[in-house]
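So, here's a batch of structures to check.
Shared between the two complexes below is chain A, which has chain B as its partner in the first and chain C in the second.
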Partner chain A sequence: MQGFKSIRNLPEQDYFTGGSSACAGCGPSLGLKLALKVLGPETIIVNASGCMTLLPLYPNTPLKSSWIHNAIENASSTAAGARHGLDMLGNEDMNVVVYAGDGATYDIGFASLSAAATKNERIIYICYNNQSFGNTGFQWSTATPYGSETKTTPRGKNNPIGTTVVNKNMLKIMGAHRVYAATASLAYPVDFLNKLNRAKERDGFSYIELLGSCTAGWNYDPRMTIRISKLAVRCGMWPLYEIENGVLTLSKDFSELKRIDEFLKLQGRYRALPQDGVDRLQVLVNEHWGELKEYNGHRYV
Partner chain B sequence: MKQTLVTGNEAAAWGARLVRPNYIPTFPITPQTECIETLARWVSDGELPGTYFDRIESEHSVMSAAVGAAAVGARVFTATSSQGLLLMHEVLYIAAGMRLPIVMATISRGLSAPVTLWSDHNDFLDQRDSGWLMFHAENNQEVLDMMLQAYRIAEDPRVLLPAMVNMDGYVLSFTDEPITIPSTEMVEEFLPKYIPKHTITKDRPVTVGPPVLDEYTIFRAQNHVAARNALEVMEEVMDDFHRIFGRRYHLVDEFMLDDAELVLVTQGSMSTTAKAAIMEMREGEGIKVGLLRLRVIRPWPAKAIAAALKNVKAVAVIDRNLAPGRGGIMLPEIVETLYNLDKRPLVSSFVVGLGGNPQTEHKVKEITRKLIDDLETGRPRVEWNDLDRNYMEGL
Partner chain C sequence: MREEELPYKGIEGIPIIKEPGSAAKVNRGSWRLVRPVHNRDKCTKCKICYTYCPDAAINWTPDGPEINLNSCKGCMICVEECPTDAMTEEKEAT
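And then the complex of A and B:
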């Protein structure tokens, strides 16, 4: 398939229309709006409990595609069931797409995700990663970066860092499942939708992780959603890459990364991170970027 | 139609095979394994065309996958036991709330801790408020017959609720009994192809499982009404089952109740043993004792139970389960059902058979004698029939 060259080529038709209850500047909503441009109305979005669960609110929905919300930990297995149900009833051409947050992906739904990926079920899994349990008010998940403050890792006298645990390397884990795994950013919609098209073509499981910036939890000005998403890529906090058949390819390569400071200072969650915490986070980012650069074009997992 | 020897697990598998499900998600757990192994074998041998047999990583995901498949209009079967059934618990409510007519065989086994592999009914009864239709079979023929009935009732547009068919682990699941396996033609006459009423299709986007605000109570009430509707549907379905297959079932199983003064209320396979003991007591000792077996647990067939017990003197509710700090689970259900009768029988409670503790004819006779004592003294009892009274008092 010919990929999109520019944002001007993206389909004009929207299947995510007005009337959503999401916050102004909500990253994950924008992600779904973009995704549906490629996926179209003959799609079942299987949602795991989270912010996006509130998009359809009986009796209204902003979506023109089908939607199943089951619970938080079982989107992958629900999607697998829907996939096989459709296939057995002759509806092989409908898309089954999970749209789930990082808490539902990295944590409580991980077993379900790992099994569906191992079995190479014909599902596209999009994780909108807002680096927290966002819908419950921004608590720590295993996707929360080192140094981020959350409601369950508040900074205090005994814990100036906030989140002291280093987040799970999910993409490497998913890459090791021998599926198509990629990161994506709202600031690079052409890259995101080309990856989604790549996933649609595959006869098997695909995992796309979108940095789903959260204005409320990350505590930033809603106008800055795209700016923050772009900075995250430019400073190496959210590198864009894909893993297919174990081989890593950087989607956006930079000879030099920006320092993380500008990215951090736009967000309340990092505001009071002491300098030693910032330095440690910079080291972690540099290490990860170095690893990606080293394996770019090579077998990674 | 053929006569053959099968275990309870195989009877459930035959039930699944005959209804031609589109999707069977599975996870193994003792004592259910043989049921899904049988189906896996048939699928591998090409005997179940049109069925996708899926191996899933947990029971929670099994029920989730069942929900996904049923939401797009597939006919779904699965089976589980014990801890597996408890792991599904969250999704059982969701399946019922979404009005998805999934059918599941449950093979009862006591719950941990401590671990037991043997049967009691706590796992099954733990699901009693989930919104599922709940049937409990006495023998392997009934397992198969109930499976066929369960699909017909669950898929009825007046009902649209999931259903579980329970059998006792080991006693039925691993015991060969002679049963009649009906022909495909008979089953096709009884159970037409499933045409889902509300489902996701290519041309019609549907939202399944959204949040609601003020309408929550309305949806819950609809669940309740659907479950109550099921009682009427069940009677129709059992009549039709009798017409096609020649075997007669009712909402409750009444045994020698016509002139009974004493009644044992039972569930599951222990009923067969109790029936044998009752025949001996009637013949040998002239005791006017009968039995009422609960075969439909949800919806609760209150009228049928009250009608069967309204003229008796004393009732022993035999619970093969325990709600710690409360007692037998079915006791309060029976007492509530009888409370508004003009003349209430005395009701005694017996907790028996936990973790497979065998229920012998001797024990059934012992319970009957205690019930006669209670009737004489006018004092009902709450008793653990498998434990020495002194031991319980010493605890």
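And then the complex of A and C:
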């Protein structure tokens, strides 16, 4: 299938309206708007509890598609059930999409996600990763990067770093399930929607992880949402790549990365990170990027 | 599909939202401290503001973007991302 080439020829219809209760400049809300451009109204969105649960508040909804909300543990099971039900009714064109946060993906809902991926159910799983449990007030999750301050890992005299553990490599885990796994960024909507189109056409499980910048938690000016997403990609904090059948392909390849300082200084959650913490984070980012460069075009998992 | 054709009728007593996109009529303009202003002369119709608006408050018309101030929460992403400075910001009267 011919992919989209530029922002100018992305689909013009929107199946998402304003008036939701999301914050001004909300990244995940923008991700849902973009995703619905490709998915269309014939979509069932299964949501695990999180920020995006608050989009349809009775009696209003910003969505022009169907929406099921379920508990944070079992969004994937619900989606698999919806898929089987639709298949029995003979409705195979309907898309079933999970839109869940990183808390529901990395931590609490991981068992059901892993089961659905292992059984290769025909659903698309989009994880909007804001690198914390954002809805409850920015607590630490296993997606939180090294050096970030959260409510449960505050900086102090004994611990100036904040989060001292390194976040887990979810793409590698999902790649090892032999499904289609990809990362996406809001600043590269053409790349995101092409990946979503690819996932839509596959006969099996697809996992797309979107970096959903969170203005309240990351503590930055809402106008910087896109700029921060772009810097995350350019600095190597959020490399764009896809894994299919265990083979890794870099979607955006740079000969040289920018220093991460540029990305960090825009955000309040890194404001008091000491220099040795920044250096350690830079080493971690370089290691990950080096690994991706090494395996580009080769078997990764 | 019309409502009476829907196979699922819902459970009695539990309300379901029947009108898609009904939030569009909710006024979120009161959240705004600054408002975006579009200048038609500088606009190159690149669709960047329209694509990046998280609240779908910018509608696309053949003449370029049209800002829906009822939905705009004033995040100013359009002003920040506009490559030709066709979007500018203006303080809301308080």
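Everything below uses one rule, namely that the second predicted complex is superposed on the first by the 301 of 301 C-alpha atoms of A that agree within 3 Å, B and C clash if a C-alpha of one lies under 4 Å from a C-alpha of the other, contacts with A are read in each partner's own complex, and residues count from 1 in each chain.
Criterion: a residue touches a chain if its C-beta (ideal position, glycine included) is under 8 Å from a C-beta of that chain, and two chains touch if they have at least 3 such contacts.
Since this is a predicted model, take the numbers as computed values, not measurements.
Enquirer: Considering only touches as defined above, state whether A:Glu73 meets chain B (first), chain C (second), both or neither.
Expert: After superposing on A, A:Glu73 lies in contact with chain B but is clear of chain C.
Enquirer: Who does A:Glu42 touch here: chain B (first), chain C (second), both, or neither?
Expert: A:Glu42 sits against chain B, while chain C stays out of touch.
Enquirer: Which partner does A:Pro239 contact after superposing on A: first (chain B), second (chain C), both, neither?
Expert: It touches nothing on chain B or chain C.
Enquirer: Give one of first, second, both or neither to describe whether A:Gly85 is in contact with chain B, with chain C, with both, or with none.
Expert: In the superposition, A:Gly85 touches chain B alone.
Enquirer: With both complexes overlaid on chain A, does A:Gly101 touch chain B (first), chain C (second), both or neither?
Expert: Touch status of A:Gly101: no partner.
Enquirer: When the two structures are overlaid on chain A, which partner does A:Ala24 contact: first (chain B), second (chain C), both, or neither?
Expert: A:Ala24: touches chain C, not chain B.
Enquirer: Contact-wise, after the overlay, does A:Leu10 reach chain B, chain C, both or neither (first, second, both, neither)?
Expert: second
Enquirer: Could you say whether A:Thr61 touches chain B, chain C, both of them, or neither, answering first, second, both or neither?
Expert: Both partners, chain B and chain C.
Enquirer: Show which residues of chain A both chain B and chain C reach, each in its own complex.
Expert: Chain A residues touching both partners: 41, 56, 58-59, 61, 63-65, 89.
Enquirer: If you look only at chain C, which of its residues touch chain A in the complex?
Expert: Listed in rising order, the residues are 7, 15, 17, 19-28, 31-32, 46-48, 51-57, 60, 68, 70-77, 79-81.
Enquirer: Once bound in the complex, which stretches of chain A touch chain B?
Expert: 41-42, 44, 46, 53-54, 56-59, 61, 63-71, 73-74, 76-89, 91, 93-94, 111-112, 114-115, 119
Enquirer: Give the list of chain B residues in touch with chain A in this complex.
Expert: Touching chain A: residues 22-23, 25, 50-52, 54-58, 60-62, 64-74, 76, 90-91, 94, 200-202, 205-213, 215 of chain B.
Enquirer: Can you tell me which positions in chain A touch chain C when the two form their complex?
Expert: Listed in rising order, the residues are 7-8, 10, 12, 14-20, 22-27, 29-30, 33-34, 41, 55-56, 58-65, 89, 186, 189, 215, 222-227.
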